[in-house]
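Heads up, there are several structures right after this.
Each of the two complexes below includes subunit A, the first together with subunit B, the second together with subunit C.
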Partner chain A sequence: MGTVLTRELLVKWAPLIVLIVLILFFAAMEPRFFSMRNFARIGISSAPALMVAIGVTFIIIMGSIDLSMEGTVSVCAVIFAFAFIAWGGTLASVAWLALPLALVVGGIVGLINGLVHVKLKIPSFMASLAMGFVGTGFALLLTGGDRIRVEDELFRGLLTTRWFGFPIMCYVAVAFLLIAWFIQTRTTLGRNFYAVGGGEDLAHASGLNVNRVRVMGFALAGVFYAVGALLAVGRIGIAETATGSNFMFVSITSVVVGGTALWGGIGGVWNTLIGVLIVNVINNGMVVIGLPGYVQDGVLGALVIAAVVLSTDRKSVTFVK
Partner chain B sequence: MYELRKVDKKFPGVHALKAIDFKIGRGEIVGLVGENGAGKSTLMKVIYGAYQPDGGDITIDGTKVRFQNPRQAMDHGIGMVFQEQSLITNLTVMENIFLGFEQQFVSFGVINWKAMSAAAKAQLAKVKLDIDPATITSSLSFAQRQLVELAKVLTLEERVDGDLVILLDEPTSVLAREEVELLFSLVRDLTSRASFIFVSHRMDEVLELSDRIYVMKDGEVVDVVGHDEADVDSIQHKMVGRDVDKEYYREQKQKPYQADAPPLVSFENVSAGTRYQNISFDLHPGEVLCLVGTEGSGREAILRTIFGLEAPSEGKVSLKGRVMSRFTAQNAVSLGVGYTPRERKVEGIVGGMNVYENMTLSQMRNYANRGGVLRISAEKDLAREWIDRLAIKTPDVYKDCGGLSGGNQQKVVLAKWRSGGSDIILLDHPTRGLDIGAKEDVYDMVREMSDDGVGIVLVADTLEEAIGLSHTIIVLKDGIAQKQFACEPGNKPSLFDLVHHMI
Partner chain C sequence: MDFERIKPHLPWITLLALVVIVGIADANFLRPQNLIAMAADIVPLFIMALGMTFAIYIGGIDLSAQSVANMTTVVATIALPTYGVGTALICILAGFVLGGLSGYVTTKLFVPSFISTLAIGGIAFSTAQWLSGQRALFMDATLRDNTFGWMTGNTAGIPHEIFIGAFLVLATYFLQSRTTFGRALKAVGAGEPAAVASGLNVTRIKIMAFALSGLLAAIAGLLFSVKLSGGSPTLANGFLLPAIVAVLVGGTPLTGGVGGVINTLIGTLIVAVIRSSMLYFEIDATKQQMVFGLVLIAAIALTIDRTKLRVVK
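Moving on to the complex of A and B:
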């Protein structure tokens, strides 16, 4: 019993310990790492990724996987930018409606994603991967390859206005993190994610509509991708097809590194926060101490394997496909 | 030739094999019979090397052997023909026959298919099966697959010096009568090549085929009868002969059910494909109705139909007077059906979720507002109330249910349904794997539920349990209801009455 407990405790706290060790390591290597300005930088790069990663966290808790985030983020970003500019181009006008519009678009893309997965009985990774390509293609169709500049000062305030050293987008991300936490712990939907991931047969045998839970999960994930898209546009002031690129690797890496189990049922949004911070601290820290980009990729890859190894009880897993 | 002496096997909480002596001679066919849970399959697993005994010796021709795994047993000539067909259906027949032993046909890393095909042909000839060895296995009938499995095991003949012992586990369960005859004559022919251990629920078949029959009960061999002195009745008596303790099953607490009240569940000539046919019964408030039969006799399928997991092909199913047209679990749950499955880990509790989360899983609607926000303090109150009521042993409501003992998990499952107001409870082996104290708790709960007017459909772990707990027993065999017994306290049918109709 003793060994089981220590293993469980280790698995539970390992991500946080890794994060702290990383911060201390980089701070020791390069004192400039440990500064407010640098932490703000990490916060800025983490905020959009955190939103996307939270979205996919719900899916992974259900035991599925969603790979549509890049396409979804691009579509949301581009539609938001078009609508925002068409309706006045500043948050002080009706153009603010472009914000909720983006969330709705994200939700719809997610909904379609979920319906394709559930109704056509296509494995979630394939359905979502395909939907992601459709999204990227659609975004390219809309923009024709152009970049759309969003230069409204109020909107760019997400990045430029700072409270206590951190830009507003960090606080927005924290607010949505709390919303996600609320959904995870206090709503039937959140509870259902865990039930489906922990035992789909059982959830079914308890009278749950498992398919509906799945579709809702994908729709919810889509909304969070849309929030990520808005923050990403806010960060660089540009919406384009490439807005979504790189989110797939970063978000799934973060979820896994944060300790959410890939087979579902275990983990949550706080794990994902830690995971996103680990990934971004590594990226940032490596730049600060002057290591080249390919080393970062290698380290992140190794970290993913380490995280999965640590969180898997290999005795109970006989076959891996 | 092959012999077990005083072989013992223990599992946590169960003494599965108690000093078993078992012997099989060259060319002999030995039958093995016993109730579910008598230790037959454990014994088989020890014989073919899947389990290692805790005590005793295994000898072959007087030499002691010890198998770490089935492969080692095979190297000593012991092969198993599995009840669950163990062929990989998307491979060809010859690939299946030589699965894991392809090396003999390989030269320079390339498989010589012609040689394998010829070798497979020779094996198939042993079982008189004339098919192309390159046939994909999925296109064969069940009977043919059974023969291919036998052919696969018979490859041991070439690989092993010495004698073969082949285990046949329920080989006839998927076969038609003529196919069984064919198999039997084949097995008799093959006794020149191997000895056989034959396990079956069907007593007449065991009697017909076996030279000697081992009768098992509670992990012991209670008798060995020769072919000539064997008779169904006396064997059945030995299989079940046990004293039943009335106290133990809370018989004194059994009250008459509400026969006049409208039935909770009503089946009228319901059939579901080949799984069961023409089943009719009424379940009344306060009644414990037990479905008795061997594995695969249709009892689980009937439970699944009531719970909406399996739609019947014919007949009328009514729940509380409503004729069911759509069969879904959600429908059944909303009509007050609760299901405690046999595999608690798979369908009973969600490991990783805590006590209150598991209890409200089927009724979250009652603990959430319209927006889906949960009232967690109400959930915890509910959990605390039921933890007290059923004396669930858990440190607190936050405990992960996966870490509770089997009995307490079972209580959580029952609390889930009872607290949600379910009044039709389906119990599938509710006491499987529980220790005695936990079993008694379950029996108490059954009586309490009956007193509250809950109707229970039970598939019991043992026949004693079925007789002890139920008001009504329906005996099933091969999907057909054989007989219905009323079981008032003091006037219960005997084990023998039931077994007689089961097999």
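Moving on to the complex of A and C:
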């Protein structure tokens, strides 16, 4: 066994195995878990989280971290809702322009985030944490604490219109997952993320403009946060300062549990899909088998520690801060 | 004049300048009663920031402080009828254990502190929700006054919170500058590999630093809970950002090794003055978070020691 079951192999397939075991476990505990209706429910809760988690995946592949998603998501959601309502309030009018506007806003917020990190030479976790606070503050400033309802039936079709049992938002999420996969494997930018994460000195020495890649990464992440914001608004029909709440914990947990290493260079968007599904299957399964919802944060907290420990090669790490 | 030479003095100069500016704008601000009330109000935040100082001093961060404080408010409210004064001990112990756990996960399991503390924070949050049944709890007023009334009382016009804050800053100052542990902390913060090479038990020192952070966050939660006479899993929300700001604005950089608890005292006062000045300049409360976020970025950019960061990740 020792030669067949190497550590790398285990680390590579562990997330998928965990996901399958979890599904079997919950299905055995409660047959209702294993139904189309419930899978659709998991899909709905996963879709916005998947978008946010994919955004931060790129950053983590570079070996950095982005903790600004809560603020960015709130800002995008709120600006989208204001523009959408001001321009007509239905997708059938020019108000559809609010959709690309939200993506642009997300990109700009990400860009600022990246510039603060790179130009001021502040470690990304702190730069992005601070930017996240600024974002949440900005969203609060725009709304004054109010909730904005987005009731257009066409837009809410993201949730209400179903194809083969799954709402449209799930297909949108899959489409963006494929786009992210394309960026990751078929574009120079995507390969550069791995180069920076695998060894920044080497990347720099080979003539790569590392700072530019970093800033681009944060901007790209911002665009995906914006998609997440749109799906989140589509799901509940409300945009507010709290739209972004809890995305930080869930998305970071998902990425790490999916097997993308915090040290950079390893993992990718498919890992993140598995990670998001693990997190949401746990959340949903605990509710279905009748466990109180508040256990989730604790379980996820323990899970994320286990995932980081499993994915860390002790030999290559001397100390951490 | 070299910027590096003024840098250590920037925090108190900033504080002085802010006080003068706000004082000129509104003389009422400088009234002793107002200053005392302002100081008393900030004490729970100050205690949390004191703890955060230790985590940042060794080059880490404690993102669980707010959740630990939240959990303590619940624990304090639940334990009060049964354990009386012993409640304080339970709270302090709970904070110490959770902080120590963060430290253990960071040092022994090689999980970066911003992730490990985030995860431990999640566990604390779950615990708080479980204990409280997801409701806001209230303390019995007479019971509270009999047991912890001394925390919020008044002597000669000075609220007791100020004494508690003063006691804790003296105790932590003693710990930081007059004990072997304090010197070891500085060694770890200034350069971890060198500290390891000189035979210090760095792992234990780092775990202790996180445990202290948890302990002080718990005291902050306890005091806050007594002040508001209750507890809930979200009572102390909104503490994390100003606590980190207080440490960094005070001049303890993210890279560690410099600064300390006195810096945090000045930093907290700066936060307090900024907060009240917003009131005087009639800046909307909704703008506060944004302002503090921007102040945070500026403070980090100014204080961080870039020679210690070979690669900024």
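As a working rule, the second predicted complex is superposed on the first by the 315 of 321 C-alpha atoms of A that agree within 3 Å, B and C clash if a C-alpha of one lies under 4 Å from a C-alpha of the other, contacts with A are read in each partner's own complex, and residues count from 1 in each chain.
Note that in this section a contact is a pair of C-beta atoms (placed from the backbone, for glycine too) under 8 Å apart; a residue touches a chain by one contact, two chains touch by 3 or more.
A quick note: this is a predicted structure, and the numbers were derived from the prediction, not measured.
Could you look at A:I122 and tell me whether it touches subunit B, subunit C, both or neither (first, second, both, neither)?
A:I122: touches subunit C, not subunit B.
Look at A:F138 in the shared chain and tell me whether it touches subunit B only, subunit C only, both, or neither; answer first, second, both or neither.
A:F138 sits against subunit C, while subunit B stays out of touch.
On the A-aligned overlay, A:A205 touches which partner chain: subunit B = first, subunit C = second, or both, or neither?
A:A205 contacts subunit B only, not subunit C.
Which partner does A:T188 contact after superposing on A: first (subunit B), second (subunit C), both, neither?
In the superposed model, A:T188 contacts subunit B only, not subunit C.
With the two complexes superposed on chain A, say which partner A:P292 touches: subunit B (first), subunit C (second), both, or neither.
Once the two structures are laid over each other on A, A:P292 reaches subunit C alone.
Tell me which partner A:A130 touches in the superposition: subunit B (first), subunit C (second), both or neither.
A:A130: touches subunit C, not subunit B.
Who does A:G265 touch here: subunit B (first), subunit C (second), both, or neither?
Touch status of A:G265: first partner only.
Counting residues of subunit A touched by each partner, does subunit B or subunit C come out ahead?
Partner touching more subunit A residues in the overlay: C.
Share the list of subunit A residues that count as touching for subunit B in one structure and for subunit C in the other.
After superposing on chain A, subunit A residues 201 contact both subunit B and subunit C.
Could you please specify the touching residues of subunit A with respect to subunit C in the complex?
So the residues of subunit A in touch with subunit C come to 62-65, 67, 116-118, 120-127, 129-138, 140-141, 144-145, 200-201, 248-249, 252, 256, 262, 264, 292, 294-302, 304-305, 308-309, 312, 314, 317-321.
Taking the complex as given, what residues does subunit C use to touch subunit A?
Residue positions touching the partner: 58-61, 105-107, 109-116, 118-123, 125-127, 129-130, 134, 192-193, 196, 202, 241, 244, 254, 256, 284, 286-294, 296-297, 300-301, 304, 306, 309, 311-313.
Would you mind writing out the residues of subunit A in touch with subunit B in their complex?
Against subunit B, the touching part of subunit A is residues 185-189, 191-192, 194-195, 198-199, 201-209, 265-266.
Which subunit B residues qualify as touching subunit A in the complex?
Going through subunit B, the ones touching subunit A are 307, 309, 329-330, 332-334, 339, 341, 346-353, 357, 361-362, 364-365, 368, 371-374, 376, 416.
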